[in-house]
Amino acid sequence: MTTIPPLSEIVIEDIVRRALKEDFGDAGDITTKSTIPADAQSKAVIAARQAGVIAGVQAGLAAFRLVDPTIEIKVAKGDGASVKKGDTVFELNGPSRGILSAERTALNFLGHLSGIATATAQFVNAIKNTGAKIAGTRKTTPGLRAVEKHAIRCGGGSSHRYGLYDAVMIKDNHIVAAGGFEKALAAAKSYVGHMVKVEVEIDRLDQLDAALKGGAHVIMLDNMSAEDMKKAVKRVGGRAILEASGNVTLETIRAIAETGVDVISSGWLTHSAPNLDLGMDFQ
Amino acid sequence: MTTIPPLSEIVIEDIVRRALKEDFGDAGDITTKSTIPADAQSKAVIAARQAGVIAGVQAGLAAFRLVDPTIEIKVAKGDGASVKKGDTVFELNGPSRGILSAERTALNFLGHLSGIATATAQFVNAIKNTGAKIAGTRKTTPGLRAVEKHAIRCGGGSSHRYGLYDAVMIKDNHIVAAGGFEKALAAAKSYVGHMVKVEVEIDRLDQLDAALKGGAHVIMLDNMSAEDMKKAVKRVGGRAILEASGNVTLETIRAIAETGVDVISSGWLTHSAPNLDLGMDFQ
Amino acid sequence: MTTIPPLSEIVIEDIVRRALKEDFGDAGDITTKSTIPADAQSKAVIAARQAGVIAGVQAGLAAFRLVDPTIEIKVAKGDGASVKKGDTVFELNGPSRGILSAERTALNFLGHLSGIATATAQFVNAIKNTGAKIAGTRKTTPGLRAVEKHAIRCGGGSSHRYGLYDAVMIKDNHIVAAGGFEKALAAAKSYVGHMVKVEVEIDRLDQLDAALKGGAHVIMLDNMSAEDMKKAVKRVGGRAILEASGNVTLETIRAIAETGVDVISSGWLTHSAPNLDLGMDFQ
Amino acid sequence: MTTIPPLSEIVIEDIVRRALKEDFGDAGDITTKSTIPADAQSKAVIAARQAGVIAGVQAGLAAFRLVDPTIEIKVAKGDGASVKKGDTVFELNGPSRGILSAERTALNFLGHLSGIATATAQFVNAIKNTGAKIAGTRKTTPGLRAVEKHAIRCGGGSSHRYGLYDAVMIKDNHIVAAGGFEKALAAAKSYVGHMVKVEVEIDRLDQLDAALKGGAHVIMLDNMSAEDMKKAVKRVGGRAILEASGNVTLETIRAIAETGVDVISSGWLTHSAPNLDLGMDFQ
Amino acid sequence: MTTIPPLSEIVIEDIVRRALKEDFGDAGDITTKSTIPADAQSKAVIAARQAGVIAGVQAGLAAFRLVDPTIEIKVAKGDGASVKKGDTVFELNGPSRGILSAERTALNFLGHLSGIATATAQFVNAIKNTGAKIAGTRKTTPGLRAVEKHAIRCGGGSSHRYGLYDAVMIKDNHIVAAGGFEKALAAAKSYVGHMVKVEVEIDRLDQLDAALKGGAHVIMLDNMSAEDMKKAVKRVGGRAILEASGNVTLETIRAIAETGVDVISSGWLTHSAPNLDLGMDFQ
Amino acid sequence: MTTIPPLSEIVIEDIVRRALKEDFGDAGDITTKSTIPADAQSKAVIAARQAGVIAGVQAGLAAFRLVDPTIEIKVAKGDGASVKKGDTVFELNGPSRGILSAERTALNFLGHLSGIATATAQFVNAIKNTGAKIAGTRKTTPGLRAVEKHAIRCGGGSSHRYGLYDAVMIKDNHIVAAGGFEKALAAAKSYVGHMVKVEVEIDRLDQLDAALKGGAHVIMLDNMSAEDMKKAVKRVGGRAILEASGNVTLETIRAIAETGVDVISSGWLTHSAPNLDLGMDFQ
């Protein structure tokens, strides 16, 4: 079994600290402070209320640790684990106040990120045994890109570029402004040097040759029919990686994958996948 | 027509700046910088690709302004405005580089927040002419609570507490730890003083009297049947505000509202409402 | 004995770290570094040089811990404890350098916040056996509101709103702009929803009825005579909480409390209460 | 007339932004947003409610500017200006919402810092025509040292060291640890190089010679009698600067100054000076 | 003439603000504030005191703007411009205080970054008319990577990866831990997906085939002789990009370039290139 | 043996955290995560590849600790230690991933700061047995002043002012604006009070008397001939500290020191000293 490499704790801690500050404000958890004795101890579990795939474990742990480092947590289901309804994800043991005060922040991360992982896993499952991979996009929730990209990985998805900075994606506006495919590709490749991949987006088959001639490493087929995608796969013949984009749903994805494209990218996974229902129960 | 009061720009700017840094990294928009001339000017519109309600206008404006303050923007549809498919939301005019580099960050905010506003408006519409109001919860996306609470308002929803700090919400664990309803309510009310509301969550009708006797300002009816909610409304007779929670969907919400409860709260609006599809078109 | 629930360490650490940076600059404690050997160990106590009530213990501890986590500290007097002249508050044991370098920052917090707690306790003592409570205001020292609100609690005071965000306070300018008491109250109550209290400030008895009719949860009697306050208490008859404000001093406060008002608020506690004299002695 | 050089806006903006965030939280000024129309305009003045000396003008301006840059402000009384009861300090003209929302933050800075300036001016006035100067200490309010040091200057006081980093202050613990006055002074002077002043604290006259021999630039006479201070002045004869410290009040300060010491330092000015009463009036 | 696309101002402002705070501390420019009248105006130029290539213009402008936005600056030599001794780079006109206070921070950026650009240009010039390009490495000054990578570009160099995050670089330790070239390459390529380039470092010719077989996009020849590099170029025949690294100096670089490698990378450019001497003169 | 007092960890941690974020971005060390198993353990050493003097040990330790606090490090050569080629500086033992991911950041600090310490030591050695000391200037790398000033100390150099805020340095522009030496010195001394040193820069011997008369604590002789410096030393006769500046190289420095000046300051040490070559080897 492969475990999923973790995110840097430096990144996680910043994101979780910000979320805790948002929930605590200046006055803190006024309910818990006033009703729960300082020395009360509790055992609790975070459990799945529906089946899915877990992501966000580092953030969940950080939420409890930053509120009270004496809370002991056993991770029953790590990032990427599949859960059934009722499965325990975290077992917690420690001061009741800390457990209650951090609960919502931990669940907000776990639910949101497991929702993305679960949706990704559904897509991945739908295209099993095709050669295609699922990748996310830059259509992420502002402030959460690092953890959402990781959640896609937890669901079995692959990585796309993280931002404007780590790969080139040439769209129609860039092509027009640069004076055509080849000029745009040449300008980009010259600018970014030898360590950066260059992708170009096309929406008609007759643009394929210009993209290949310009030396695109990756060609995105935007909103093309399955028929056209098949033709593109055939014509390219492995000279570039082909990525399908647009109108990707659980219903359509298998047909897209069967065209032979290498990658299918979806913004839906990060901007619209519903929360995975997780809850905390005291024991 | 009422306009929706804006968020503080101090809050908005922090959130948007963080999102831009996430997308720009150190190298910036390497595609645009290499393919678009520095002096290229463009006109573009951000338009709705589906019907809905707009939210996130301040964040969208800030994204463009922080990237390039010379971009001129006319807001055609402000926060809370209803849009049809094809309606223009922003009209942009200025340096092509800045418009292209800020596009995704602006759309990520607008799409996410308009998605929340749109879902809220659907709930609000479903309960029209009942006395009930829709409120969000603390089940928000980490780091975005301020703007998501505002998006609910844009959709016609009402406010609930913003965090652990501004109102008391007593749940079963608090009640058990404090030694009963009255003790928990007394402890909380004494602690928080005269300026903070106190809510208590119950899941059985026989808890109503204790909650009222303890002086709860608001009583949450958690996952109760419509039948029980009606009984609760009758028995309380206006002595406390009644909030329904649990299993709130577009299908169930009308029946819940017709029980006579004052407020219906939903976590789904902030953790699972899908993105509203908006896109940018160059002209 | 009731202990006072602590502030979130996330809030404390930010405030104390900022204070330490202010004192250390880039070069650090050049006196201690140059004159005290790295391996010197010391025992020291922080003691009260005058009688009072302690607050700021978390900040004091954080100052030493952030400078050198190996310093051992025994808290002899916690938040809310009364001290006589000479009483030990902290017993310290550890590296001399760390103890000396953190001393001033720790004392600045302890002295300032204990000053507020001490002044509050004097007010609270002066109104013993009346029904009134003491509350602070938003007239706090910029950047220290969380810890100053907590210090008032340490002195036996109650809480008022923390900021512009957690409760409504309608003053004359708001009333004029909104078109009268009832309109202002209605607008505010509709805007903030069911979880937020609404207070209105009046300075004449003839405004009481409008305030009550508008549904104010709390009515502030601003700079009224004791005579008028008594009349207000009688007329309101428990339908709203009454808060007295203005000209509150140790001399006047008993008479104000005896009018029957519920709360007496004072800005003086946070903007002008003198420091409690505490000092560190090496042993 | 000399004007007081301003603080760096980079420092001011950070401090004021933090204070505004503390007051606005996520929800902002819910009272003003709900009761004041977006297009309402107001004129207002900030006026002194008691006589004193003004400080904090930059912070006051920044508070309004950061909330709404369209508010126009005329500064009638700048930093260091004396005011009588009723004197106007700021004249404001602009959106009512912004003026009301920033009011408390601006007044908190102006009142606190003018309080320090006013107290300093009283000390300065009390020692007029002696050769002594008034200086603050490091006993400042955490997070506000830059602006409080400036406020002392606005009151006619002089500067002392800003922190642990910019000058050496050798106290008894340092002397003991280093093995005597001369060793401590030699170690410090060698460490800090040629650009940093070195002060040593003594509490007995018989320590004067060691301090002078060690080459102290400044000698602090800690809690000495006026008689002993006079002797110290005579014995030192200008070979070092003499600073008096301890038990400095408006009653005692003239006698201290008349001993001939060069500087009198006071922690009271920053940790206990009461607020100067300023208020805002709409017109 | 091609102009060099600018860095994002969001990145620049953070870096420059931090540098200014470092120089201003809390007290600010005490020399200038005390000796220069507030209304003094000056004209000044920043000029090259030796020949070189300019970089850091955005940072230099930001330093003056953040200190005083009323200073007018004309950029005579932009990023990437060659200068002779005596050439003017900036012409400044505005308040003397601001110009003097920002001078050192502006010069520290301009001198450091122009030093890197100048050194890069010397390397680029030395290999003119070979097919090789110069690239920097991750051996940058902590905190300045974004601006140093840009400075290399200003000197005519090309880009390498910006950090650990945007491209894969497999070294001997990775290969050993992964169990050989092919396994390491396969693991990396699978992990990073289709948008990231993968480089592998070899130091013997017999490793070339494994690197190619593993599908490395780029192969680094580490500290190889010119003879071996030529052999590598021939054997690879364009199937991967070849990068030379190690022992790159102005003396050796031409010979390296003439082996036919595609890229020559140098850490020296960013960790050891001397400052370009620039100074400010008042007029 | 004297050890060099450390920097405050509060300062170090900020600087190192920023550097790590710069290197890790959102995606982290994608090479190591994909090729090295999570449980792999390694031993490694950081060793000197050339002779020199070590600085930056705190930053190096912090880089590893912040990436993985379980990495054990033995410091073989601390700040200020001389190393020969091949000497071990750190011995590391712990998770391979953490060691590899933090390596570059640790080495960037150690190499840069040891380069400054090494250059300083060469200067110090060159003037052995003269009375002069070496001091750095404000010509530091932006963002690294605290650690670069410390590195100079590690090389045996002395301290100069840290910024604009902790000492006065009057240059020709200040003198002209203030109306002459005496006026500038008087204004500065009056402004800064009794705890701050005042230096004035002169470039002609005939300015010496005005500088002395104005009471300068330190006089900088800017770009003077050795002959003139000797005259200055004689004429000043200990009434002020004399600092030589300008054209300071390893070749010229001995002659400068032998003129009898007290301090020789050099910007080259911080803006142009080459990196000390250090590397990490796995075992």
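As written, the chains take the letters A, B, C, D, E and F, and residue 1 is the first residue of each chain.
Assume a contact is a pair of C-beta atoms (placed from the backbone, for glycine too) under 8 Å apart; a residue touches a chain by one contact, two chains touch by 3 or more.
Every value quoted in this text rests on a predicted model; they were computed, and no experiment measured them.
State the chain with the largest centre-to-centre distance from chain C, centres being mean CA positions.
Greatest centre separation from chain C goes to chain E.
What pair in D-F, A-E or A-F shares over half of its contact pairs, by residue number, with A-C?
Equivalent chain pair to A-C in D-F, A-E or A-F: A-F.
If you average the Cα atoms per chain, which one ends up farthest from chain B?
F
Over half of the interface residue numbers used by both chain B and chain D, so same, or under half, so different?
Both copies touch with mostly different residues.
For chain E versus chain F, what separation do you get between their C-alpha means, in angstrom?
Centres of chain E and chain F (C-alpha means) sit 22 Å apart.
Where the centres are mean C-alpha positions, what is the separation of chain B from chain C, in Å?
That gives a centre separation of 32 Å.
Could you put a whole-Å number on the gap between the CA centroids of chain B and chain F?
So the centre of chain B lies 52 Å away from the centre of chain F.
For chain A, which residues are shared contacts with two or more other chains?
Answer for chain A, listing residues that touch two or more other chains: 5, 22, 24-29, 33-34, 101, 145-146, 159, 162-163, 165-166, 191-192, 196.
Taking the touch definition from the header, please name the shape of the chain graph: line, ring, star, complete or other.
Chain contacts: complete, every pair touches.
Looking at the complex, which residues from chain E come into contact with chain A?
5, 133, 135, 158-162, 165-167, 191-197, 199, 218, 241, 243, 262-263
Could you please specify the touching residues of chain B with respect to chain F in the complex?
Against chain F, the touching part of chain B is residues 22, 25-26.
Going by the contact rule set out above, which residues of chain F touch chain A in the complex?
Residues in contact with chain A: 17, 20-21, 24-29, 33-34, 38, 66-67, 101.
Which stretch or stretches of chain C touch chain A in the complex?
Going by the criterion above, the answer is residues 3, 5-8, 10-11, 145-146, 149, 159, 162-163, 166.
Report the residues of chain B in contact with chain A in the complex, numbered from low to high.
By the definition above, chain B touches chain A via 15-16, 18-19, 22-37, 40, 42, 59, 96, 100-101, 104-105, 107-109, 111-112, 115, 138-146, 162-166, 168-170, 173-175, 177-178, 184, 187-188, 190-192, 196, 267-268, 271-272, 274-275, 282.
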